[in-house]
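Presented sequentially are two complexes of chain A, the first with chain B as partner and the second with chain C.
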Partner chain A sequence: MKINPSLESNVGNASKYVTSIAKMRGSIIGKILVLATVVIAGLGIILGCLSLSLNSLDSYPIPLLVLLGILMACLFVYTQHIKREKQWGLIIFAGLSFISAYILRLLPTYLYGFQINGIIHRSFISALLLLALTVPSFCYGLYHMLGATPKAHDLSRYPIIMLPIVLILIAYGILLYRVFNLGVGNLSWHILITPFEFQDWSTIVWQNNWPTWVPQSIHQPGLSNYIMGTLLLIGMTSVISIPLGVAVGIYVTERSKGKLAKTIKFSCTTLKSISVFVLGLTAMTLVRDTYGTFLANIFAGFYYDIQGNRHIASGSFFTAALIISLLVIPIIARATEEGILSSPSDLKEGSLSLGASNQYTLSHILIPWALPNIVTGWLLGCAETAGSLATIWFISGTGQYGTGPFNSVTSLSYFIYFVHSDIDMNFKSVEGIYQYSAAVILIIIAVALSIAAVIIKGRLQKRYR
Partner chain B sequence: MSIKVKNDQLPIEKRTDKQGSAIQGIKINNLEVSYGKNYVLKGIDLAFPTGKVTAIIGPSGCGKTTLLRCLNRMHELTDGCKVKGQVLLDGENIFDMDPMLLRRRVGMVFQRPNPFPKSIRENILYGVKAIKYKCDYDKVVRSCLEKAALWDELKDRLDDNAVALSLGQQQRLCIARSLAISPEIILLDEPASSLDPISTASLEASILAMKGEYTQIIVTHNMNEAIKVSDYVVFLYMGILMEFGETQKVFRNPDRQETKDYVNGKFY
Partner chain C sequence: MLILAILPLIFLALIVVNLAINSREAIVNVGLFGYGKLLSPNISGVFSTNLGLYGLLPGIWGTFLVIVVSMAIAVPISMAMAIFASEFTLGFLGKGMRTTLGILGGIPSIIYALMAGVFAQLFIVPKFTGAGLSPIPPPGMWWWKPGSLPFNTSTLLGGIMISMLIIPFMAPLFEDAIRNVPNSLKEASLGLGASRWHTLKTTTLPYALREIISACSLGVLTAMGDVVIAGIVIGFESPLPTPLYDVLKSTAPLTSTGAGFSGGFDQGAFNATANSAANFTGLLLLVMAFAIMGVTYILQRRFKRRVAR
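And now, the complex of A and B:
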């Protein structure tokens, strides 16, 4: 593991950094604030390390957060005095030293509950991942500050940056190993075919010439309705969002200067950053508001139970697909826009100079060119749909009475959640052993979709580019 | 949405002349083109002779390509381009016409060959299918490729991807493609600049073969090409029309000093 020779000579530059700030142009207040920023940032990591040994520092997070806020404000106002590379290095170094301090402080409490089961179910993995993400950026910033800018192809030569990447891979490896270990053993053709059934009802039986209600039930574990649910959800969302997304993408490219196009672009960006939980609440509102009307059959879904009674469910696939496509449409629109803009201008000019209309050029030249991008967008949308739990949180049910567009919405992620979170389900019920199998199936669906998308993209690129 | 094919969209041999007179060709009246505040062409008055090849020559940046693109209304694809003046095609101002109809009558071949990523057959039939013109597709493909001297090379591989051809073949394919819709006028923007000498020779042969049937306007940097191919020459300098005349006259005995200097290679 060779260290970059130029880095060695730059280590001594740390002291020169401070003097270089003093020599810069700018107000004296600015320079003082920048220096104070560096000092406070350094303090953060020291405090973090100290907290490992001093338990009485429990109450310091709040002042620490206040300091973090002041620090960020100073950085944003005064970093224009510094050259760009050092500016980013400073921001990254300062901000993330605080995060690392916070994580390091929490680390010891997890070490006490150290069990191999505890790794997965506790947030040790999440803390490790967060650390693994912040430490490379922290080191990257540090390297920037010292003047050595690591290039992407050089990264393997910087062991301190490779270490967190290896940590991430180990964490994911442990996770996948455990899931597959517990899941594959219970997978069988039978479990994939049978739907989940859990129904209680009572029938009247004549005993001693007297009618009595006798309770009856079916309890049949199975995953087929959840698998069908996930696939149907992906299908319906694609059917809704691909045409709309491509149309929005085309409109935004064609009239990119107009006000409506700019509004659409802005709302797409905003839609992407809406929390999915809020969208789940929207779905629930949609279902609740239509209770009692005819529309409840469409938005809330209906089913017939074992005795033939008709019930209104808690949410249909149609609603779920509508709400999820709010998330997927911006993805596909952005992908279409990128695809069309990446086409060479020669092609468009050539087509127009032959007398073809704008629409004809779009449909015969530009959209075929953008198809690989659209497929990538669709794949991202499918990943979003298959893993979506928060959006269908409030409206989903067990889906045991059928899987159709107007039946109760259900998916593998919902199954994993409700089995895993309920202690009775988790350990005492038959379903408990199938939660990991469901996870395995979900992973297989995701991988199959990715492979399908890669193959489709390859074919389209060969044909249309 | 089907478009009714009008008289001026039919192939040239089927068009009936207006009032029985000969087709008049392109005439430019006092054209002024500016990009923002930068005046690129100032006061051009010109009439291109029908059925002949006219070469536009001049130093770099004098506005040759801009002039050519104006004749096709392709300048509208660049932002900030303002045009004043008239360009008459058979007496009609092209700026009042539907640009799609104009571009079916005035075709263009670009500097870098830009075949569509489709089969050779689909490339040639692109313009024909865009206007939904019903004709014998195979006949059209054959006649266009013969005119561009590509039929013998490509008759067995009409379904291959056009992007796989060599640059010279691609450029001739672009010419064949623009011939499929039977334009009256063909604009060529430095067609041989990205080609090797053998392909350039085939290209020049195609241009000479198309004389008489089509009016061609070619922009070129290469003076040998201008001498070989063209009947008339237009010399543009700094956006102003300096000289227009027959090739032999402009190159042997030009009227203006600037033309003489340019032709003798004193500046380029």
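And now, the complex of A and C:
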């Protein structure tokens, strides 16, 4: 029986449809074209990423784009020849490459006008165009190089996902590297254990049998009061926020599911999402309104200077902890809620059916089960406390007169801001070189707390499985 | 238990009442509409509240610009990170992504504000200040002054730093949204022969859209509420930019405008009217936050209905 020759040829063509251009038998041209696309597009991606920062690579994008356009046109012709189908996307892509190369050719090196406050370099636009054109063509080349199967389709999409991740991780890496590079050099044990002191005063000294005023001064750089201040702030915030946060979490899940529970939940969400500036403003108002009264000792704080005179400070650790705990309560409440909701209902029902009271079940079954969650939330809240500046921005002091619950509030993040802001040049002249050291210590404290939270969370997931 | 649990609610109510009472003086003494009034584009210079111009429209516009810039950078990158950590993992790299994000989330905002200069050196100075050009102003740039170019303060730089702050915060939320999509949906799509990328585009992301929107709104609220980076990298008080879209000028957002009004870190420069204006700014921020939360709620309800059909 004879087979229709046209049908046979159709079957032969159909086998060509499912295979890729590069994997086709004997198609050396296809292999070369696909390989060239991958190489050129990969070079283009690297060039585009570098051009986001470097100006000197300005002359390379135009030939690269022209080459890419020629390759795409060749691929269009070749697929039409082999597969008998016109992939119009390829020719549109080639056209876009040529047009963008031509636009880049027309652009002057520096662009300005429209009263825009800047002189834009051409390579910024060329970098954006390069990235927009080379990433899809790289994916296309990779797809055909890997065999045009569904798995190859998945694998060829990795560049789209990986490129932004790699770029942002490089950015974070540069940031952390710069902080550590500038800060570790000045760091020593001595600076960690000495407090900052800046005093100018005069004393009567007998010189040549005559009393004279001699100016005295202590200009002692140090970081210990800021580190102790951060730790004290973390401790006091924990003392306030753990009972409240756990109570909110338990109340919302166990005790009530009515309107009040919903309102409390909503208030926690709102506290977390309103601006920290509002909280800072509230702290400032609290200090200002109680300034003349006896409550100033609690909210504004006090200190004794070197002559022993008592002064009212601008804000105490207690106020700061009270305000920051409003940020930490929602975190702990959310963690407690998650922990209690994840507890198996068998345990609770078993306890209740054996005659235990609700209170006993709560304190002996549910809270122990939710404890790792609570600890995770607490650690995250501590990291938040260590870094929070906006809440204590308006009420902080330099903290050179000791760190206690009712002393002037200070922390490492406020120290960094105070050096950065150039308000007090005396302070900057003494402590200026230790700004990045303080940043290093702050990063170490905050990141250590976050890592501990991440590790506990990882253990938790293993326990549930 | 009830007494402890109700305390956050009482605190929140006290904060709102405090803001409302304190902003009364600004509304009465300064007024709302007109030249230099609270809702006008006229604002006096940095920290000079003596002129009595308390316009907040530049602040609102600055908040909008900062949100647009930071979201335009943060959302695609967070989405890529979430997809990499949940769907397109590369062995241990994808599993380590979540840990990396947890660690990066611990970096305080003051560090980003402090290190903004690094990104100004790496990105802003070569691309937007005409590096390599002679210091003589180019022809046609009559407004150009030697110190006016965006070397270390601009809305763009502030937006970049705020986006770096909110990426470790948003990416885990996106990842949760993608993980919460039922496996049966994904498996049905994969079983019908779709590739993983196709499944992601047509099944997973549309289903997760509702949670993605709520994560985005949390990111917007964080970007809006940030005051440390906004104050240090962008500035405290500034007029409207001349072409409104110009992100290379520094347009202070609402938070740092209010911080500049309050002058809290300088006890000597206390000005009752300015402090009251700062409280009004806080009230405005609160209203904007509630508006964003409401819009998110409405959007979520719409998308919930669409998915159910």
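Simple rule for what comes next: the second predicted complex is superposed on the first by the 269 of 465 C-alpha atoms of A that agree within 3 Å, B and C clash if a C-alpha of one lies under 4 Å from a C-alpha of the other, contacts with A are read in each partner's own complex, and residues count from 1 in each chain.
As a working rule, a residue touches a chain if its C-beta (ideal position, glycine included) is under 8 Å from a C-beta of that chain, and two chains touch if they have at least 3 such contacts.
The model shown is predicted, which means the values in this text are computed figures rather than measured ones.
After overlaying the two complexes on the shared chain, residue contacts for A:352 are found with chain B alone; chain C is out of touch.
Look at A:365: by the touch rule set out above, it reaches chain B but stays clear of chain C. In the superposition on chain A, A:296 makes contact with neither chain B nor chain C. When the two complexes are overlaid on their common chain A, residue A:234 makes contact with neither chain B nor chain C. When the two complexes are overlaid, the chain among chain B and chain C that reaches more residues of chain A is C. On chain A, the patch touched by chain B and the patch touched by chain C do not overlap at any residue. Residues of chain C touching chain A in their complex: 1-2, 4-9, 11-12, 15, 18-19, 22, 76-77, 80-81, 83-84, 88, 90, 97-100, 102-115, 118-119, 122-123, 126-133, 138, 140-141, 143, 148-150, 154, 164, 167, 193-198, 218, 221-222, 224-228, 232, 241-243, 246, 248-249, 255, 258-259, 262, 264-267, 270, 275, 278-279, 281-282, 285-286, 289-290, 293.
Interface residues of chain B, counted against chain A in their complex, comprise 72, 74, 77, 100-101, 103-104, 107-108, 110, 112, 114, 116-117, 126-127, 130-131, 174, 177-178, 181. By the touch criterion stated above, chain A contacts chain B in their complex at residues 344, 346-357, 360, 364-365, 368-369, 463-465. Listed in rising order, the residues of chain A touching chain C in the complex are 52-55, 110, 112-121, 123-124, 150-151, 153-154, 157-158, 160-165, 167-169, 171-172, 174-176, 178-179, 243-244, 247-248, 250-252, 255, 260, 263-264, 267-271, 273-282, 284-285, 288, 314, 326, 329-330, 333, 383, 386-390, 393-396, 413, 416-417, 420-421, 423, 435-436, 439, 442-443, 446-447, 449-451, 453-454, 457-458.
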